[in-house]
Amino acid sequence: MNAALPVLILLSSLVPAGVTFFLAQDSHTLRNTLNLGGAVVKLGLIIWMLFAVAGGASYEASLPLAPGLVMLLRVDALALLFISLSATLWFLTTIYAIAYFGTKAELSRFFGFFSLCVAATTGLALSGSLISFFIFFELLTLSTWPLVAHKQDKPSLSAARVYLAYALPGSAALLWAIIWLESATGPVLFTEPPDLSALDPGALRGIFALFIIGVGVKAALVPLHGWLPADMAAPAPVSALLHAVAVVKAGAFGVVRVIYDVFGASNVAALGVGEPLAILASVTIVWGSVRALQQDEIKKRLAFSTVSQVSYIVLGAALASPLAMIGGLVHLIHQGLMKITMFFCAGIYDERAGVRKITELNGMGARMPWTSVCFSLGAMGMIGLPPLAGFVSKFYLGLGGLEAGAPWVLGVLVASTLLNAAYFLPLLYRLWFLPAAEDARGDERAPALVVPAVVTATAALGVGLLAASPISPLGWATLIVAREYGP
Amino acid sequence: MTALVIVLALPLAGALAVIALPVRAAVPVALSATALTALSALVLAASVWQGGPVTLMVGGWQPPLGIALQADGLAAALIVMSALVVGAVAMAAWFEMAAARAGPRAAFGFWPLMLLLWGALNAVYVSRDLFNLYVGLELLSLAAVALVAISGTAQALVAALRYMIFALAGSLLYLAGVVLVYAGHGTLDIGLLSARSPAPGDALALGLMTAGLLAKTALFPFHVWLPPAHASAPAPASALLSALVPKASFLILIRLWFEAMPELASTAALLMLAGLGAIAVIWGGVLALVQSRLKLIVAYSTVAQLGYMFLVFPLAGGDGSAQPWAAGAWTGAMFQALSHGLAKAAMFLVAGICIAAVGSDRLGDLRGLARALPMTGFAFALAAITLMGLPPSGGFTAKYLLMTSAFAAGQWPWALVLAGGGLLAAAYLYRPLAALFTRDARLPVHPVARAWQGVPLALAALAVLLGLLSAAPFDLLQIGRPEPAVEGL
Amino acid sequence: MSLTVFAMTGASLVGLGIYGLLALPQLLRRIISFNLIGSGLFLFLGAAGARGEAVDAVPQALIITGIVVALAASALAVGLVVALARRSGLVVLPDEANPR
Amino acid sequence: MVTDLATYALTGLGLVFFWAGTIGLIRFPDTFSRLHALTKADNLGLGFIALGLAFQADGWATLAMLALIWMLALLAAGTVAQLVARAALSPPEEDEE
Amino acid sequence: MSLALDLALCGLILCVALGAVVGRGVFRSVIFFITYGLLLAIGWARLGAKDVALAEAAIGAGLTGVLLLTAHGRLRRMSVERAPRVGPNPMAATTGIAVALALGWAWFALPAPTAPDLAAALPLTGMGNPVTGVLLHFRAWDTLLESIVLLAALLGVWMLARDVDWHAPLGLRYHARPGGVLASFGRLLPPIGLSFGSYLVWAGADGTGGAFQGGTVLAAVVLVAMMAGVLPPPRVAQGGLRAALVVGPGVFLLSGLLAVALGMGFLTLPPAVAKPATLIIEVALTVSIAVTLAVLVIGPPDDKEPVR
């Protein structure tokens, strides 16, 4: 039982965070090497752990704070799935951010909070008990606030305030639910779901609702999604990291944990709370897509698309069937890859061509071919065209829906696919088929920006094409569902 | 044992030396006395950690005649916290209360008053004799009023006067209780009182003493004197006043209600105390929302944060003390006392630095200060996290323990107060945070020494560390508790 | 019996002092009321101490300590009142200057 | 027995003087005449009472103490009377409140 | 017979106290307060607590009275706005009556007196007077803290000075006519007062008296000397003054620490050396108390006439 590895993984982003805070503004090389080094070390550790876990080893590290308050880091397949996603994407986003910012001001503070945020995400993924999940969940909120408010101007500060205004009440609800549950069942560990016999079904439903509100804020479920579009005022790497990897996925991951490790799929079905959650997720999917249609800014449209896409995962988790679960989990990875690609491209358009509005995208394909190809791949993946990643997850979600006896899920999927097409195809049409305006400029002479986008685009493509192989996210997700939460 | 004597005697001796010695020797003597006492505080905590409560019969006389002093886990934890806060305040005062900046009078008066306040605090933490607590409280109040009056402005004098009136009224009510206890039982020692059969006048005595101590702890109806007093005192002084002084009278309340006369704790009285605490949390928070000066926001936040500690009474007091969750609630309240002390002192020192940098602590003038003073901004953020009770800070551990006990005891409204209070704290602390972090700085910023900025940062980091490494303080607090913690919740 | 008389006097002095403290805005009078409450309490304690056959010495020591502490507090309070009067020309707390 | 009689007589006489002094204090029109009444009558009254008590004294120490008390009272009364008179010469302020 | 005397005395005390609270002028209520203090001293004598009677007369009536008188004098000269006339306040009256009744009820509900017996422990302290025994031996920690409370109050009063006056002599300028009555009184009284005060301190060990009562008498003498212009008012910067302030608590504290160094408990005085050690402590305390009380009553450093 090697306790060092999870702590090492956590430290690999905590240490760079701690050191970077105190670096002077102009020591760029030291800061960049520190952060990139941390990312590489984390990736290496995770890959090494992948092989070890495949070989049957298990890792656990615990730090007792007070009786009943134990910080537990435990590696299970679900945790591995999420930290591998966050590690790879963090590595790429760091490269992208270094290029994106160049020598702008306040970078030490940015990269400090940047790695702190990823440390929180890793801790959240690795946490083995409900209370350590909550502690990292809170740390994530605190470390993302300065990132959103990085530019320190009026819009980004108000965006940060809106973010806190949603996040803090959410975390209060989450804490309330945790304590309400733990006061009856004692400390909840994810190793074995607690016996919920001590609480009556009404209380349990209340607790479940509070849990969903708590994590739902970050998973951007409909009534609680207001902060996501507002956060577009943040710089591109932040919105990329926030919406593809850290915050939003943490929320979805939380929903999965709550449903499968705290309550257990059978209890969720027994309590009959799975159905309303699925409906809520579906409403979010449709509502997100409709709102995305009405946006004229690229990043706003992507934000609303994220709101709807994350609810696929929630939908997958809510439908108490293994296939839906696989669809949800695999979408966690796919959506991460596709969405980060599109945010990278949006950032490149903004940085290199000064383009923010969709109307200004005319003829961009000719001038910035690489970015536009990646953007199109991402968009088509989102729509769910067959060979790409999006299709795989939607396919499994549909099967899961049928298996769970909820045929209306198919309707939702079809509707959302059409809506996705409706709000992404015009962009592609403008990119490739409309002539560019005369004064349009734009070049791709920043390889450090374009390469990460290309890498994530090819990964999104590869994940879709090679879905059948065991090491692909799909294979992995089926392994998780089979081993952890068997039908 | 000698560590306890040094902790009690050295601050007083230091104060006397500082008064007697020529002015230029004052600061070095004061700083060395502070360092030595802080060291012996740690040694005391270590000896309490290993050998259990340290008792000392002053002059060798047994309690009914003599005065017994006892440093149990709670007293040791509070002594260490006070040592850390006073140490930090001393370092900050080395910059802020220097004669060049604060004038010869304030520079002469601050150091002895700080040391006297510290001596009185340590005396009150460990004393087991009710009248000795009265004299300790009086010394504490006089030193505190003098520290408020040091800044010399008109509203400081008014604040000091109002503080004086409340403190005197509180002391006299407490004295009335002590008189009744002595008349009834012939002894003033807490240990002996708990052993004796209750006399009819005890309820009245406890009521009078509690009323007096509530006035000195500035709980809700009696809180009017605290914000102006803590806002108009110089920043290091208000750090001492807010972080430490109310804790002493709160500790006496705990000694009375949990050790001296536990059987008198009727549920109605306990609920009333916690009810006042709950109102204080809401009232302090709402008023802090509407203030426009940083020091007033932080002062009203003290009124609110003190309210949390009173939630311990219904959860762990009276017949509830035998319940399994009583230990969690009791320790949670003490964690709140410790983490609030550290965080509040850090916040007031940050306010002091802001005033030194831009000359005023109005929120409008503080805009964009974090760009010029990044460490100060970060210190304020860390302290704010502790006061909001967000993990991983000590405030969170306190809130967690109290909420879990509230749920286990089935009294969930107190958990509602804790959760709502946390959000309210987030609301009123967000305004200064946002002001510090905006970009458009209006006023020219005078340079502030980095070492000075480091002091609040260290304190705030300690408050957060208290949350991360909360296992050790948790066990220290259990030593010498009337009913040692039942393992687990 | 005479001890009861002194005790009752002490109690009524405390009551009188509390009336003075709450009702009188003039600060010097408030300080006088504080001293009245203090000495009333000590009279009560003294009478209680004298109930036994030998006069109990401990209350006397407490009372002497109390008197000295009361003097110290009164001195600081008086100093504050004079300083406030010199600074702002008020002999009452500002918010009580015009009784509502 | 005769000592008790002497004590009663002398203290009674002392009381009469005190009574006279008080009447003077109340009845006399201005400050100066009142000062006369107070210093003269009361000090004499105190002297007689001290004398009366001297008979009860059980040793030289108490006698010396009584004499010291009376002498100090005289000294204080004389000085204070002078000061009050001098203060009364300057224009009287209105009696506030 | 003595009951009638007690009743009369208590009635007088209550009337004078009532006068002090509801009397028309502030000067009038201060004078009533002083007479109240003296009557209370007689009351203490009636209760058999001679030490307390002395303390009440010296500190309660004497010094507090002087404090209030000087303060009232300065307020009158400062042309301060008059305090608003306030009618009877029913809420305050009910609170006062309630507390008084509660204490009264508590008196009758008191169980049998259980005073701790000093007889066994007193001889160990070498003190004849039990009160001094309690003050300086059994509750030595209280007395030490109390002497430091005086010092804290003094520091507080000094902090009320204006920055510009900080280096000026303490208190107002008293200008007694050189050959006048007050000047001669100021020269005549000190020798008597000094001897009486030191006698009080010396007698405290076995009879009535003690450091606090003696110290207060000496303080009064110092005050009279300063008011008579015989003794120039000191300045904060004078080392002698500050040393005198600190010597009392300092010696007391050091003796306590010395006892720890010698292996005994904190503030322990071994019976063999108890009497002389107590005397040394008492003398040091008296010096400090006398200087502290005198300087406390004089007030903070003050240069010019109060200008507003």
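By letter and in written order, the chains are A, B, C, D and E; residue numbering begins at 1 in each of them.
Just so we're on the same page, a residue touches a chain if its C-beta (ideal position, glycine included) is under 8 Å from a C-beta of that chain, and two chains touch if they have at least 3 such contacts.
Given the structure is predicted, the values throughout are model-derived calculations rather than measurements.
Engineer: Note the shortest touch-path length, in steps, from chain B to chain D.
Structural biologist: 2
Engineer: State which chains count as neighbours of chain A and simultaneously of chain E.
Structural biologist: A chain counts here if it touches both chain A and chain E, which gives B.
Engineer: Averaging each chain's C-alpha atoms to get its centre, pick out the one most distant from chain A.
Structural biologist: Farthest from chain A by mean C-alpha position: D.
Engineer: By number of C-beta pairs in contact, which two chains lead?
Structural biologist: C-E
Engineer: Averaging the CA atoms per chain, pick out the one whose centre lands closest to the mean of every protein CA shown.
Structural biologist: B
Engineer: Please report how many Å separate the Cα centroid of chain C from that of chain E, as a whole number.
Structural biologist: Using C-alpha averages as centres, the distance is 14 Å.
Engineer: Just curious, how far off is chain C from chain A if you go by their C-alpha centres, in Å?
Structural biologist: The mean C-alpha positions of chain A and chain C differ by 68 Å.
Engineer: Whole-Å distance, chain C centre to chain D centre, using C-alpha means?
Structural biologist: One centre to the other, that is 30 Å.
Engineer: Out of chain D, which residues touch more than one other chain, so two or more?
Structural biologist: Where chain D meets two or more other chains at a single residue, that happens at 97.
Engineer: Can you list the chain C residues in contact with two or more other chains?
Structural biologist: In chain C, the residues touching two or more other chains are 14, 21, 26, 42, 44, 48-49, 58, 62, 65, 69, 72-73, 76, 80-81, 83, 87.
Engineer: Return the residues of chain E touching two or more other chains; collapse runs of consecutive numbers into ranges.
Structural biologist: 26, 82-83, 99, 103, 107, 110, 113, 115-116, 118, 134, 138-139, 142, 146, 149, 152-153, 156, 160
Engineer: Between which chains is there touch?
Structural biologist: Final set of chain pairs in contact is A-B, B-C, B-E, C-E, D-E.
Engineer: Enumerate the contact residues on chain A facing chain B in the complex.
Structural biologist: 21, 64-69, 106, 109, 131, 134-135, 138-139, 141-142, 146, 149, 151-153, 157, 161, 164, 168-169, 171-172, 175-176, 179-180, 182-184, 186
Engineer: Considering the complex alone, what residue numbers of chain B touch chain A?
Structural biologist: Touching chain A: residues 328, 331, 371, 374, 378, 385, 388, 390-392, 396-397, 399-401, 403-404, 407-408, 412, 415, 419-420, 422-423, 426, 430, 434, 437-439, 467-471, 474, 485, 487-489 of chain B.
Engineer: Residues of chain B touching chain E in their complex?
Structural biologist: It comes out as residues 2, 5, 8-9, 12-13, 15-17, 19-20, 22-23, 56-61, 64-67, 69, 103-106, 108-109, 112-113, 116, 119-120, 123, 129, 131-132, 135-136, 138-139, 142-143, 145-146, 149-150, 152, 157, 176, 180, 183-187, 199-201, 204-205.
Engineer: If you look only at chain B, which of its residues touch chain C in the complex?
Structural biologist: Answer in residue numbers: 65, 131, 135, 138, 141-142, 145-146, 149, 154, 157-158, 160-162, 164-165, 168-169, 171-172, 175-176, 179, 182-183.
Engineer: Quick check on the complex: what are the chain C residues that touch chain B?
Structural biologist: By the definition above, chain C touches chain B via 14, 21, 27, 30, 34, 37-38, 41-42, 44-45, 48-49, 58-59, 62, 65-66, 69, 72-73, 76-77, 80-81, 83-84, 87-88, 93-94.
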